[in-house]
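The same subunit A turns up in both complexes below, where it pairs with subunit B and then with subunit C.
So, the complex of A and B:
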């Protein structure tokens, strides 16, 4: 019964997002499409951080791998959107696996620093090879390349529905993953690595697998972002994009399936409204985070799960 | 004894800087026995079983288990070979349910009957009614039993129990002794224990460690009568 309840809740959220397609005003319609794509990124981050306990400060590298994996293929090879999307996903996963092989030799603060360092190196690499990546200026993906099997991704309605489709797949796969035996092992690794080792699990391979899945998500999100919104630029691989998913996940609730989306939604609109009222919108964001850490360190859904809805996955 | 040797350690050594925690220990476990490891505090008992379970790398010497050299095998691989270790300080997943704690052990050996095997392991220690409880909210005694259930769920060939009765009440110790007796002879038990009543009651053989070396090995009767052991440990 518990299993069904959770599944219905997630399907309900997807249904609500489908309904929003028909009723949301144009401004919010575009925002929500963007939020869903960023939420895929945050879900991936959550698989590494929220479930497996890997606090990375370098996920922008994985998002950037997806972004440029798709963007460069379109820009230089004239590939179509489907191939670019697949390439982006694979680039994210491969980058995560490669970084993980090295970075997972460390843990804790050292892991944070090593991942941050890799991401900075990646960001500077994008700038260094500016003749290929167009560096700061970025690549505008031509409309002709933003066709997915007859669908025009630059059209607002199509873009929303494609974003929703990708989000739905990502969300349901995430739900299935955390309820699977492997999901239990990821949590075990987060809770007590030494105990898990003495139950016969190899911490290194478990963490590498989780990080690679996280990279596939980040790659999908990056590729989708480039193709749906038509822009690929180095700013999207900067350190800010390593911190964003962390904030989303902390706000929504680390280790909850819906937390990344909720966090992305609230943080997006918090910044949006705050910047309409004041230039110091970063101060508002900061204050919100301080309040969160003081009063609900488990995030919104994490707190709700601890207090009331124990069955929330 | 015509028993089959399950585990054999030869010249096992581990020094920490100047401290000879384990120093050239020869040791054998017979298949299906309950073997107790005793010795004063700091005698090297926990270090010794950590070498057997792979938590601490061996400095020199060899370990053979079930006919195979496992000296260089990492800890998680030894678990898969059939060596289960239960911690001296309770190490459970406090925020997970009791069921999930044991299920992790069950799925570690790729059981195809995850729920059934997990419930069976819980039933063996009498925790089947608490499967849905969050493990961290169990009483201390029940947490120790949960730790043992995780060891049993691994279906090990060798179960190493590191001071399992520490902090348990009298009644709980009786329950615990019944559980250990039910493990043999399918599995073998190596027990580190300070409670001499438990040791004398359960063990078929006892090894006494002192300053990282084996002082004596033998039946409970022989150990009790051993003059060297009495001087070093049993208080003259």
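So, the complex of A and C:
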């Protein structure tokens, strides 16, 4: 019964997003499509940080791998959108696995700095090979290359529905993952690594697998971002894009399936409305980080789960 | 110009970088060594020092040397004050829990950068140098002020070392570093020591910025590179050790000068960041000092 309640809640959120497709005004329609793509990224981050306890400061490298994996293939090899999407997902996962093999030898603060450094090196590499990646200026993916089957991804309605489809798959896989035995082992690693080791689980392989799944999510999000919005640029792989999912997850609630989406939604509109009042949107980000870590380290859904809704996955 | 003089020029430029880097990194190292806090906002404190130096140079009348002297005193004090406030209001409440403090200092970094952008603006602005003479070498002329920066940084570092080794405040700091509970049991106000150390670390970054700003111009995003380089220096040198920081700063500063002169600066940065990541992976005692290895 409990299990069904959680499943129905997530299906309800997806249904609401489908309904929004028909009733949301054009401006919010585009925003929500973007938020869903970024929420996939944040969900991936949450699998590493929220469930497994791996606080990475370098996820922009994985997002960038998906973004450029898809973008370069389309731009230089003339590949179609489906191939580019798959390439992006695989690039994200492979990059996460490679980084994990090295970075997971460290833990805690050292892990944060190592991932930060790898992401910085990746960002600088994109700039260094500017003749292929066009650096900060970025690549604009032509409309002709943004066709998925017979669907034109640059069309607003199609874009929203494709984003929703990808988001729905990501959300339900995430739900299944955290309810699976492997999901329990991930949480066990976060809560007490030594005890999990005593119970016979290898922390290194569990964390590496979780990080790779996280990379697949980040790669999917990056590739979808490039293909749906038609732009691939170095700024999307900069350190800001490592902080963004952390912020979303902290706000929505680390270790909850819906938290990343809720955090992305609220943060996006918070910055959007703040921009109307002041152009100091960095201040909003900074203040949100400080206030969250001080007063609500569990985030919105994390606090709700601790207080009232125990069954929330 | 021949290779020899060219190399000499590269080394002299590297020495200036190294001197400023040593100052900035020693602040970061001090904070990590004593408080075990990784301060991501360190670069923002550096930037704040430079930006404040520009305001001082605008508001204080008279020759550039006077406003520079005023900036050298006032900027570290203001920046240190802000740091002490941040420590008491935010970091202390987090109980210095490592991951939470990093997130909080990232937030602080955004807030400070936004403040600089709002009050100072997006442009890079020059600050006049306090002294204007050139040293004429046989092959090229060199700015006398740059050499003064090296001397100034060395003097400040010497002062820091003397404070740590030979004053009561330094003794209290070292006691807190070794064992904060025992220090507290002996009546040391650990909260005040932490606020002081955090302020001192930020103040050192601000001094470095005031010294470099006549060469480099003030800009609200200028903190990124010093932060990255300080991390590199502190990790390679081993944290908490002022001597290690100094040696690593010389090494990184000089090689950065040489590599950037002869090769692309971006390539130099890529190599440096990868080296640091690998040092952390394979020699973590570089980060955690000897005791915890």
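The definition used in the following text is that the second predicted complex is superposed on the first by the 312 of 313 C-alpha atoms of A that agree within 3 Å, B and C clash if a C-alpha of one lies under 4 Å from a C-alpha of the other, contacts with A are read in each partner's own complex, and residues count from 1 in each chain.
Criterion: a residue touches a chain if its C-beta (ideal position, glycine included) is under 8 Å from a C-beta of that chain, and two chains touch if they have at least 3 such contacts.
Predicted model, so just to flag it, every value in this text is computed and none were measured.
Chemist: By residue count, which of the two partners contacts subunit A more extensively, subunit B or subunit C?
Modeler: The partner with more contacted residues on subunit A is C.
Chemist: Could you look at A:191 and tell me whether it touches subunit B, subunit C, both or neither (first, second, both, neither)?
Modeler: After superposing on A, A:191 lies in contact with subunit B but is clear of subunit C.
Chemist: Considering only the touch criterion stated at the top, classify A:55 as touching first (subunit B), second (subunit C), both, or neither.
Modeler: In the superposition, A:55 contacts subunit C only.
Chemist: Between subunit B (first) and subunit C (second), which does A:202 come into contact with in this model arrangement: first, second, both, or neither?
Modeler: first
Chemist: Identify the partner contact of A:224: answer first if only subunit B is touched, second if only subunit C is, both if each is, neither if none is.
Modeler: Neither partner.
Chemist: Taking the superposition on A as described, I'd like to know which of subunit B and subunit C A:89 touches: first, second, both or neither.
Modeler: neither
Chemist: One more residue to check, A:127. First (subunit B), second (subunit C), both or neither?
Modeler: A:127 sits against subunit C, while subunit B stays out of touch.
Chemist: Quick one: is A:110 in contact with subunit B, with subunit C, with both, or with neither? Answer first, second, both or neither.
Modeler: second
Chemist: Touching A:283, do we find subunit B (first), subunit C (second), both, or neither?
Modeler: In the superposition, A:283 touches subunit C alone.
Chemist: Output check: A:243 vs subunit B and subunit C. Expected answer is one of first, second, both, neither. What do you get?
Modeler: Once the two structures are laid over each other on A, A:243 reaches subunit C alone.
Chemist: Which subunit A residues lie in the overlap of the subunit B contact set and the subunit C contact set?
Modeler: none
Chemist: Flag every residue of subunit A that touches subunit B in the complex, lowest number first.
Modeler: 181, 184-185, 187-188, 191-192, 194-203
Chemist: What residues of subunit C sit close enough to touch subunit A in their complex?
Modeler: By the definition above, subunit C touches subunit A via 38, 90, 93-94, 98-100, 102-104, 106-115, 117-118, 228, 231, 235, 264, 266-267, 269-270, 273-274, 276-278, 280-282, 284, 287-288.
Chemist: Would you pull the subunit A residues touching subunit C in the complex into a rising list?
Modeler: Against subunit C, subunit A makes touches at 55, 57, 102-103, 105-106, 108-110, 112-114, 117-118, 120-121, 124-125, 127-128, 243, 246, 250, 280, 282-283, 285-290, 293-294, 297.
Chemist: Would you pull the subunit B residues touching subunit A in the complex into a rising list?
Modeler: Contact set of subunit B toward subunit A: 53, 55, 74-77, 79-80, 84-85, 87, 91-96, 100, 103-105, 107-109, 114, 150, 154.
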